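Just passing along the structure, written as structure tokens.
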Amino acid sequence: MHKFANPTQFMRIANAIYPWIAGLCLILFAAAIPIALVFSPPDYQQGETVRIMYIHVSSAWLMMMIYGIIAANSAMFLIWRHPMANLAARASAPMGATFCALALVTGMLWGQPMWGTFWVWDARLTSTLILFFLYIGYIALSDAFEDSERGDKAAAILALVGSINVPIIHYSVEWWNTLHQPSIMKASSEGIDSSVHPSLLLPLFLMMGAFTMFYFALLVLRLRSELLAAKIRNARLSQIAGHAAAQPAE
Amino acid sequence: MVFAGLGFELAAGGAMVLRGPNGSGKTTLLRLMAGLARPVAGRLLWSNAPVEDPEALARRLRFIGHQDAIKTAFTVRENLAFWAAFWGTGEPALIDRAMDTFGLAALADFPARLLSAGQRHRLALARLIASPVPLWLLDEPANALDDRSTGALTNTIAEHRARGGMVVLASHGADLVTGGTTLALDNFTPTAAQQWVEL
Amino acid sequence: MTRKRRRLYFVLLGLLALSGGLALVLTAFEDNIVLFFSPTEVAAKPVCAQRCRIGGLVANGSVVKEGERVSFDVTDTVETVSVKYVGILPDLFREGQGVVAEGKMTEGIFVANNVLAKHDENYMPPEVADALKKSGRWKEGEPVPVAVVH
Amino acid sequence: MSAFSALLSRDLRLALRQSADSLTVIAFFAIATVLFPFGVGPEAEVLSRIAAGVVWVAALLAALLSLDRVFVVDFEDGTLDQLILNGQSTVLVVLAKVLAHWLTTGVPLIIMSPVLAVTLQLPSEGYGVLVLALLLGTPTVSLIGALGAALVLGARRGGVLLSLLVLPLYIPVLIFGTAAIEATITGMPSQPMLSILAGLALIAAALCPFATAAALRQAAE
Amino acid sequence: MAFDSFAAFIDMGGYAAWVWTSYGLAALALGGILILTRRTLKAREREFETLKANRRGTP
């Protein structure tokens, strides 16, 4: 655990696996896009709009996964004060917000032709919208303080409190009478049951894999960037301390 | 990083004066000792045992900082009485003594909003007597005080130590204690090389 | 009270409140918080005198279209409610399909000002759907008997 | 418990001395509600349909206005440091503060709400459940709001940020608060919605004080 | 291959507007955040190098 908490060690590992993640991401996209758009069949009811599902479900999956990652990292940061955990949470938040927005927008673009409306105020859509506001609040809060450490901690507490929303989003379609279709995958003793035909499931899995790898590849880049920002801040602070030391004592 | 490699101890009846230029970490050290901040590295001991219960530590100490923590809508007496009730220490007699000591008795029923900066600071210091505890952490306690009040504070600290109390105070002005140790914090300022933390 | 004790009390109290709260919320959800009423509820109680939503399956053979004027029956296999609607229907609207209609009851007929289609979690290519129907293993609106991914 | 009761009575006495602060919140609640008949027109049918929602939204916004000050005054005059050094637990401080906030803003809002509902032509069946729903919902508002107020202590644009953080979390309370009233008016049972409101209050009471205490401690750090 | 012709592919069974907008927005979002990330990273790398150089310059 502490090996990964050390930034230098962590970045060494992260940089080493970065080319593999990035390569895998490219391969998955190269497979997913043509299969999703051209080679997979249309749905028996929804026709070609089922192709929106590949983007929509992948984005929704990522917005949930990233929130989980942010919450877990926030907990590690608050309890053990691992600086890397904080940076990982900070670096993930804008991506989570992006995927959340993408899930909402593609959901609307799918809902209008299929359900007959862009938006309904049901549990799934409302709680996803709340998740989007949580992402925005997290980003705004972490940048709202002169003392960046204070922002990090406040945002981490917010992330932990907000994680109560994630199970609500997940279970909302089962608890509630809603327009939104139930989950397409359910874990059971036989493995994972899915109500999606394999020919439609393949592009979905490929796209989800591609999105996930995209997130992890970008996370490495963003971690590098956040770490540099911290180093720059430290360097500046040491310059100020140097100035203070150079001045005569009062 | 504000300071590094710092270590000291304080016995019953002891006093320590923290000295150093602005930004050398006097306030930070006092807040660390109060349990309001956590050190990146290092630990705090009470009677040679690590402090594992910050609340129990808080019950044994009083921290008087730059801000006076006074509610201006309340009178002088109400301010003192609230803190005495809040901390569960002190009796009404002590509140009267506290006001006498710091020359606030005549103002007891005045709303605190009418007080001057110096009087407000005296009201903050009066909590030391109204709600007694063994360890006093005082951040520049003589700021905004006139000579007479400074004298009163010096006497109060001496009496507190005579009864076995301890005082840590940050100061760059007059000596408020006799025979205490002095800690010059600028000796512990990290070097530029230590500051340049290669994350 | 020692610190550990106090903490324990706080945590226990918190857990008690949390489980009590969750129990209240979950049992309330059991009582059916509804986005829409079923035809059985509409038949049993005088709901939907003001704006509300009803949901169910479009009864087979009940859809009559005259341009933009549509009438159809919504059923939950026990009760049936007749619905009138003027406007554009969503593409998923068809007989046997789940729908949600917004509007209110007037003289025993539900006058809708919006019709939404609900679809199930089954996704498959049309050929597969045809084959399944032909072999009699599956009817629309039922769970699909295929596709278990291990 | 001495810290809890001392702080609670101090906050109540402060609110009494500076009663203008509480009155401003109530006045805001009244004005915000009264704006609606001008905005949507004075037809009784339209107003009675939106009455429950309008009262709830205006109450939330009024509470938000007062939340800004829950901790910030103590934070700025140094009282917060002393409150944290209470020798017992920061959670006690939070609970006292939240209870004081609820008594000084939540309760006046509840008392005012039927009067404002009259101006919005709320059907007569709705008043009992309106008060009941507010009674069950406003504690959650205070609990979540205190957390938000503690998180933004010392932030730039703290007030705006507070609404961004807190209002989304109020959505469930708003949904079930208005749904309870609507249900009663349309002759449906309101009990499930009310028990959800009670459940939400319990969940918030279980989680928010700990998070708020953590936020306060790191604001003081 | 689910389409008979290129025109059918573009038409997406009549749902061209919905499908293509979704994919376009996804490309825009993913591409946008990638470009922003790389740009910030490059800027910070440059800034850090300057700071390092300055530090070596002064004793």
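Which chain is which? They are A, B, C, D and E, in the order written, and residues in each are numbered from 1.
FYI, contacts are C-beta pairs under 8 Å (C-beta built on N, C-alpha and C of every residue); 3 or more make two chains touch, one makes a residue touch a chain.
Quantities reported herein were computed from a predicted structural model and do not represent experimental measurements.
Distance from the centre of subunit B peaks at C, each centre being the average of the chain's Cα atoms. Distance between Cα centroids is largest for the pairing of subunit D with E.
Between the chains A-C lie more C-beta contact pairs than between any other two chains. A separation of 16 Å divides the Cα centre of subunit A from that of subunit E. Computed centre separation for the pair subunit A/subunit D is 32 angstrom, with centres defined by C-alpha atoms. If you average the CA atoms of subunit C and of subunit E, the two centres end up 39 Å from each other. In subunit E, the positions touching at least two other chains are 55.
Residue numbers of subunit A whose C-beta contacts span two or more other chains: 41-42, 47, 49, 113, 231, 235. Residue positions of subunit B touching 2 or more other chains: 55-56, 196. Those residues of subunit D that touch subunit C in the shared complex are 49, 88-89, 91, 179, 186-188, 191-193, 195-196, 198-207, 209-210. The touching residues of subunit B, counted against subunit D in their complex, run 31, 34-38, 55-56, 58-59, 61-63, 65-71, 73-74, 82-83, 85-88.
The touching residues of subunit E, when paired with subunit A in their complex, are 1-3, 9, 12-15, 18-19, 21-23, 25-26, 29-30, 32-34, 37-38, 40-41, 44-45, 47-48, 51-52, 55. Those residues of subunit B that touch subunit C in the complex are listed here as 52-53, 55-56. Those residues of subunit D whose C-beta lies close enough to touch subunit B in the complex are 2-3, 6-7, 10, 13-14, 17-18, 76-79, 81-89, 220-221.
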